[in-house]
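Letters are used for the chains, namely A, B, C, D, E and F, taken in the order the chains are written, and counting of residues starts over at 1 for each.
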Amino acid sequence: MKRGIAQYQVGEVFDYFLLIKTAAKSVASNGKPFLTLLLKDTTGEIDSKLWEATQEDEELFKQGELVKVHGEIGQFRNRPQLKIHSIRPVQSTDGVQVSDFIEKAPVQKEDLMERVTEAIFEMKNANLQRITRHFVKKYQEEFFTYPAAVRNHHNYVSGLAHHIFSMLNIAQQLKNMYPEINKDLLYAGIILHDLGKIKELSGSTSPSYTLEGKLIGHIPIMVEEIQTVAKELQIEGEEVTVLQHMVISHHGKAEWGSPKPPLIREAELLHQIDMIDAQMNTLNRALKKVGPGEFTERIYSLDQRTFYKPSFEE
Amino acid sequence: MKRGIAQYQVGEVFDYFLLIKTAAKSVASNGKPFLTLLLKDTTGEIDSKLWEATQEDEELFKQGELVKVHGEIGQFRNRPQLKIHSIRPVQSTDGVQVSDFIEKAPVQKEDLMERVTEAIFEMKNANLQRITRHFVKKYQEEFFTYPAAVRNHHNYVSGLAHHIFSMLNIAQQLKNMYPEINKDLLYAGIILHDLGKIKELSGSTSPSYTLEGKLIGHIPIMVEEIQTVAKELQIEGEEVTVLQHMVISHHGKAEWGSPKPPLIREAELLHQIDMIDAQMNTLNRALKKVGPGEFTERIYSLDQRTFYKPSFEE
Amino acid sequence: MKRGIAQYQVGEVFDYFLLIKTAAKSVASNGKPFLTLLLKDTTGEIDSKLWEATQEDEELFKQGELVKVHGEIGQFRNRPQLKIHSIRPVQSTDGVQVSDFIEKAPVQKEDLMERVTEAIFEMKNANLQRITRHFVKKYQEEFFTYPAAVRNHHNYVSGLAHHIFSMLNIAQQLKNMYPEINKDLLYAGIILHDLGKIKELSGSTSPSYTLEGKLIGHIPIMVEEIQTVAKELQIEGEEVTVLQHMVISHHGKAEWGSPKPPLIREAELLHQIDMIDAQMNTLNRALKKVGPGEFTERIYSLDQRTFYKPSFEE
Amino acid sequence: MKRGIAQYQVGEVFDYFLLIKTAAKSVASNGKPFLTLLLKDTTGEIDSKLWEATQEDEELFKQGELVKVHGEIGQFRNRPQLKIHSIRPVQSTDGVQVSDFIEKAPVQKEDLMERVTEAIFEMKNANLQRITRHFVKKYQEEFFTYPAAVRNHHNYVSGLAHHIFSMLNIAQQLKNMYPEINKDLLYAGIILHDLGKIKELSGSTSPSYTLEGKLIGHIPIMVEEIQTVAKELQIEGEEVTVLQHMVISHHGKAEWGSPKPPLIREAELLHQIDMIDAQMNTLNRALKKVGPGEFTERIYSLDQRTFYKPSFEE
Amino acid sequence: MKRGIAQYQVGEVFDYFLLIKTAAKSVASNGKPFLTLLLKDTTGEIDSKLWEATQEDEELFKQGELVKVHGEIGQFRNRPQLKIHSIRPVQSTDGVQVSDFIEKAPVQKEDLMERVTEAIFEMKNANLQRITRHFVKKYQEEFFTYPAAVRNHHNYVSGLAHHIFSMLNIAQQLKNMYPEINKDLLYAGIILHDLGKIKELSGSTSPSYTLEGKLIGHIPIMVEEIQTVAKELQIEGEEVTVLQHMVISHHGKAEWGSPKPPLIREAELLHQIDMIDAQMNTLNRALKKVGPGEFTERIYSLDQRTFYKPSFEE
Amino acid sequence: MKRGIAQYQVGEVFDYFLLIKTAAKSVASNGKPFLTLLLKDTTGEIDSKLWEATQEDEELFKQGELVKVHGEIGQFRNRPQLKIHSIRPVQSTDGVQVSDFIEKAPVQKEDLMERVTEAIFEMKNANLQRITRHFVKKYQEEFFTYPAAVRNHHNYVSGLAHHIFSMLNIAQQLKNMYPEINKDLLYAGIILHDLGKIKELSGSTSPSYTLEGKLIGHIPIMVEEIQTVAKELQIEGEEVTVLQHMVISHHGKAEWGSPKPPLIREAELLHQIDMIDAQMNTLNRALKKVGPGEFTERIYSLDQRTFYKPSFEE
């Protein structure tokens, strides 16, 4: 397999395709404009400067474009920087496409869909089942393509569904161990808890926060949606309130964005399972980048800790 | 005017009507049942015990009943206690009614309604105006009878509307001083911010928290209601999101129950005005009970502080 | 099955055996001595007073003794109190024994032992395996009889092993889902993390804190023991330090007693699994005491929250 | 009206007068000295470098001097920077003066004085009135020229008096709504609360902190001054202590610099009014810089929040 | 030596003199008045009830009176209570006086005065010396009789001077070890730091907080006094500001009542020495009450910790 | 005496020996490698760049090497930078050695040893004495050469012993003032409290954290060592547990790394003495760098405070 941009060392020559993640124009101290391009493939990102950029360059090299770059890996302020020797837009004959350059969940979309369908099928409480099924259908497209976050954990295409997939598996096991758990409620909570992100984020690739996301946030958005759907389906009864509570409390604490802490067993479990899967996703990806006997970079979402990979790991 | 229960001293004889706020049955150390009655009028409350209570007593003296009591003010663990000599249910010939024994807002319902109507009338933004008017109409009965809280501030009949009334007046003055303020937005925020309490609390007198109140809370309830009403009125546009933000952020901080802090000028102001009116209501009622040169009891909602009334106050 | 003390209502007559959990002598206001006995069976506890206690009573009715009590369930300050009519020490012919009155893990000791043995058997890293096996052997008796805590979670006979049993099961499932996990390390951490409690607590029934427990605590005690055992077994290598880290960091944060936060993936997981099992144990026992549609008492170890059992639970 | 420095875009030519806010000499990598000048007018500030500065340049271009600059607006690290083509000191024939380049309160000094005088005139408590009048007279010059802060809110000439002016207006309105308020006390508190800043800050333009400001702070400085003035005027009585309390508690909490929290109704109000006016001043100035549908920069004194200007604002 | 009240056991008969610390009248459940007397000598305090108190009793047995009591040590809610058999006011022939019943510093007043005088004498900086000497002279009486606190540490007659005495000794030793210390400044800070308590507290025995103490607090009171004295002595110069800073920062943190943290080496040291002496005083008095191998009661001012006296202590 | 690197001003020529503290290779924007050298002597450190470094340069100029440098003091981003004109490795004929360039404790090693030996000699409790003596002997070399920290206080050769030396002196004085102190326990605690740093840090000069230091930390390491030594010496008894407690609690609070807070008088004192000596060491070194009337740089370990040196200091 072709090496990704993250695998190149300082001093090596790079000559392959990359996706422009962001592009910005500045004026250099000599008064001439230049472009700052953040280039990426599925393994990582690299900064680069295109000096003395023409008007045409500016129009060709925009966010979301695929380019072929020839250059050398240099270093600027302790971070790698790609020194561009030549750059051109991708051509149809190149045989590459944008989706090859964007990170995706390691599980196939079909498997994600199957697992969610299966979980809904297992439910016995008709109210919970109908509401959950309705949402999956209503947002089918976004449900299986959105990331779970802008950064931190599951921040890749289908990350949201991948997160739900893993959480459903953990929930199933815990149900075996603690038979008191109401599986229907826990499954419904897992499937719906982060669905408000479909309105909080702007899209499935390179998402940013929407105005609704910034001013309301995915938790109250989803509480509101559950109410709307319940009315639409003419479902009344405590299940609606309890399901809204599952969503509203899943961050665990007021300081973390939940105006009510978990006050139902399955709500507490939902919070715990959410944390475990988010942390494992973050940790595994960080540890993959270091060798045995090394520490990772500081991980922002884990209190800035840096984790050690024991030297006796194979 | 007849003295209220709060004005009696230890040792005095009391012989008048009172409302039973709560009633509970216990078994004394001699094995005989007795009733613990919390009795009240508009000036305050007093504990009392009805010893050796019969089955009939138990049925007569329940929460919400008016009674005529003859007894003496005693003291138990530093708190006054009414020693009942005789007690009987109120009769139609007594000429008293429950509403005479319940604290109400010091402003007439008609004045409260007029002020709210006037504020809505002043609005120029049609979207904000229509949503606000719709709510006032939809919940007309509760809007003008509910308290603003179970305890702390404005915890009396029509307390919610009284709180809104005062806040609208403060807002009007601030608009004069800071012309940049968007009055429509601020008025709409003030009128709607606490309306979720109509679902959070069980009723206008002696309210307790509903299940929805405990598991969801008045803030997300109201965010959801605004969305529903906007859809009903077919209103789209940023006003809806911004109005939801006004509600969601009005507690000011995540720790205080707002999943988003105020991010709009009028939202910040709404939070400040809410605090001022709540604190003035609490403080004025506490200071009314002490004389110049004295300190109040500790006030729970004001960080347990005890306030001083200067001796040079008239 | 015979009703336990927790199932009796105020006013009922009780006439059966109970275990004296604590016994204290006081002097009544009439100058005569009396005994305050806290009596228990596996369902709960009840306070009682033995008035005008003789010197002989004082010697007969001590902590740890089984007694036959005839009395009536009364009430004192909102808590049930057993009014003793007569009381006598248990006789050999009564056919009851202390162990019938003490709460135990719901899983048999043999099953607990088998699960731990199986987990150790699965380990492939010889250093981790030898250290873990050594500890289980060294403290075999205490390992399978100690509680996991004085109060809160798993505070019953064999609670420590029961806690480890559940955690091993969760770990096994998570390993299936996250293959990156080092199972040997996680299993060893689970089996050893709380073993310092054997020195922190005074015994398997009615435990109190030892001086070592109060001044040092189970975490540093266990870190020290791992070092000692490693030396004894002549094991050197990073496994020893890493295993000590698993123990030292398992409370998750400095404020919760871990001088180092988890800095290894399996240490973070150990902390999470510990929390889940502790909370589920606490929650399930609290929810068992209430019916659908009711809230539990405030739970100290869960931030004083009170949990709701939905009315649609069967 | 002439455009201010804040209205220029990158790439434009600037050719007008500016005030040197700070000037610093450094040595460039080529060993030659250069000057870093922070230049300003009433609309904002801009950085600039004067390369290869001579000994004479250094003497001419000092803090506080007015200069005529010809140059181009460039950009350095995402911030605008003025590239100086030529620079010269202002001449008497230029017809500009320093005060034209310094931000001032939007209310005339005479109006500020009148409002304060009026408020003092309204007071009925002779002790409070005499103390307040004495201070205004004693510090007449500073009272009406000092800023209220080095940065954040009202950080411009006459900012202190402007802040007092607005607070008096708010207080007057609140008195109408809450007649229990002791207006004399509240007015005296408002007029005096920040007066210690006259000793805390070094002057009315470009102020820095004095040694007394750094080691003691404006709150204790003012408490001390009130005592001194009261002695001078031979005023005794609770008003002195209560007025000192108004000052000492006006930051609201120990963490915010008030060794005592407000323990008097008017002290609590003073704190609230202070916050409202400070925040409105900060917010209005930040929102003025952005258009509808945009967010402001992060505002340090408002918990680093960034505020949104709704797109339906005219 | 006669046994003190703290040395009596439950069941013993007491027959000696005690001082009435507080006296309060209540009405018993039988409607008859009784007195609650808190009685004390230098070893401790005990509660007692005088049942069926007459009007005359009420006038005789007031706070501050010495009485002869005959009674028995009983117990009420786990605390000792003195059951009064007979009680009478002290007579001139009894040969006891109030001062024998009040706890005093263990060092003689003369020695305290000498040590302070000596420290002032050692100072070389005339400004610091004159200000310090002036204060000691001005408040000579209170300086050597006031306690350092209402409760916690040095809460006995001459406690303030005793605290200063110990702190001066520690300071002298530290000066030997760290010659960089400015001894004059540290000595002046120690002697003056708590002197505001003379106005914060109501007197040298059984002190309560004055209004000034409650509304202003001893720290700002003293800052103000230093300024006044400096003016009186016509001392100008940085010593005044620095000395005020020593006082204002001696609690170490804003949350602990210091609006400025220590920003001068000697201010930091003053805070440390203050803490050491306060804690040693508290700890030594708590540990004196328990035997080797025992824990003290929870100590409020030391974060509610309970301290252990090792069993190998002689 | 020769001026140290910290005494040079920008613009001056430097021509003397320096020690390479760290060396790193980078690639310049022109593609050529350069070395970043951090150079030091006992007075301080300075950054420098060696442009266009050859392969040979890279091998010659490594961490720990002594070099002769000729260059000029320039400035880069407000920090001094040494512009190297020429550089060469030290030669045997230069007559300088590494130890001349490394900061050391201001007290001679012999005096440090003598003081510790004397303290141990004074102990009367045989258990405490034997354990303490054993440690000093076991780690004799490291005990008298290790620093007490990587940065902050006593971060120089023999800093650990110097810290112990000062603390023993303070303890001796406090014992004189508070005779209740158990001197043996306090001395043993002082001598052993930081000894775990010998395993936490990598060496006596330019130390970094070891894996054991990062994952376990010096406190639990030392608790474990005390147990091991006690077993080795066959010492049993409470002294061992109490001594472990002294070590475990010496940081004072859980948040600061002590899983148990001090629960013994001498443990509390140990914490206080540790703080005083650490702060005095930090403060004295920071204040030495500024003149009277100036403030120091922000001191990280003292809450980022900046300290003032009064202008009346000689």
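Here, a residue touches a chain if its C-beta (ideal position, glycine included) is under 8 Å from a C-beta of that chain, and two chains touch if they have at least 3 such contacts.
Note that the coordinates shown come from a computational prediction; the quantities given were computed from them, not determined experimentally.
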{"item": "Shared interface partners, meaning chains that touch chain B and chain C", "value": "A, E"}
{"item": "Angle, in degrees to the nearest 5, of the Cα rotation that carries chain C onto chain F", "value": "180"}
{"item": "Reference interface B-E: repeating pair among D-E, C-F or C-E with over half of contacts shared", "value": "C-E"}
{"item": "Where chain A and chain C are represented by their mean Cα positions, the distance between them in whole Å", "value": "41"}
{"item": "Whole-Å gap between the CA centroids of chain A and chain B", "value": "45"}
{"item": "Per-residue overlap in chain A, given as positions that touch at least 2 other chains", "value": "211, 214-215, 238, 242, 263-264, 308"}
{"item": "Pairs of chains found to touch, sorted by chain label", "value": "A-B, A-C, A-D, A-F, B-C, B-D, B-E, C-E, C-F, D-E, D-F, E-F"}
{"item": "For the chain A and chain B complex, residues of the former touching the latter", "value": "211-212, 214-217, 219-220, 223-224, 227-228, 231, 238, 241-242, 244-245, 248, 254-260, 263-264"}
{"item": "For the chain A and chain C complex, residues of the former touching the latter", "value": "125, 166, 169-170, 173-174, 177-178, 180, 182, 185, 237-239, 242, 261-265, 268-269, 272, 275-276, 279-280, 283-284, 287, 302-303, 305-313"}
{"item": "Residue numbers on chain E that touch chain C, as the complex places them", "value": "10-11, 74-76, 308"}
{"item": "Residue ranges of chain B touching chain C (in the complex, touch as defined)", "value": "26-27, 29, 31, 211, 214-215"}
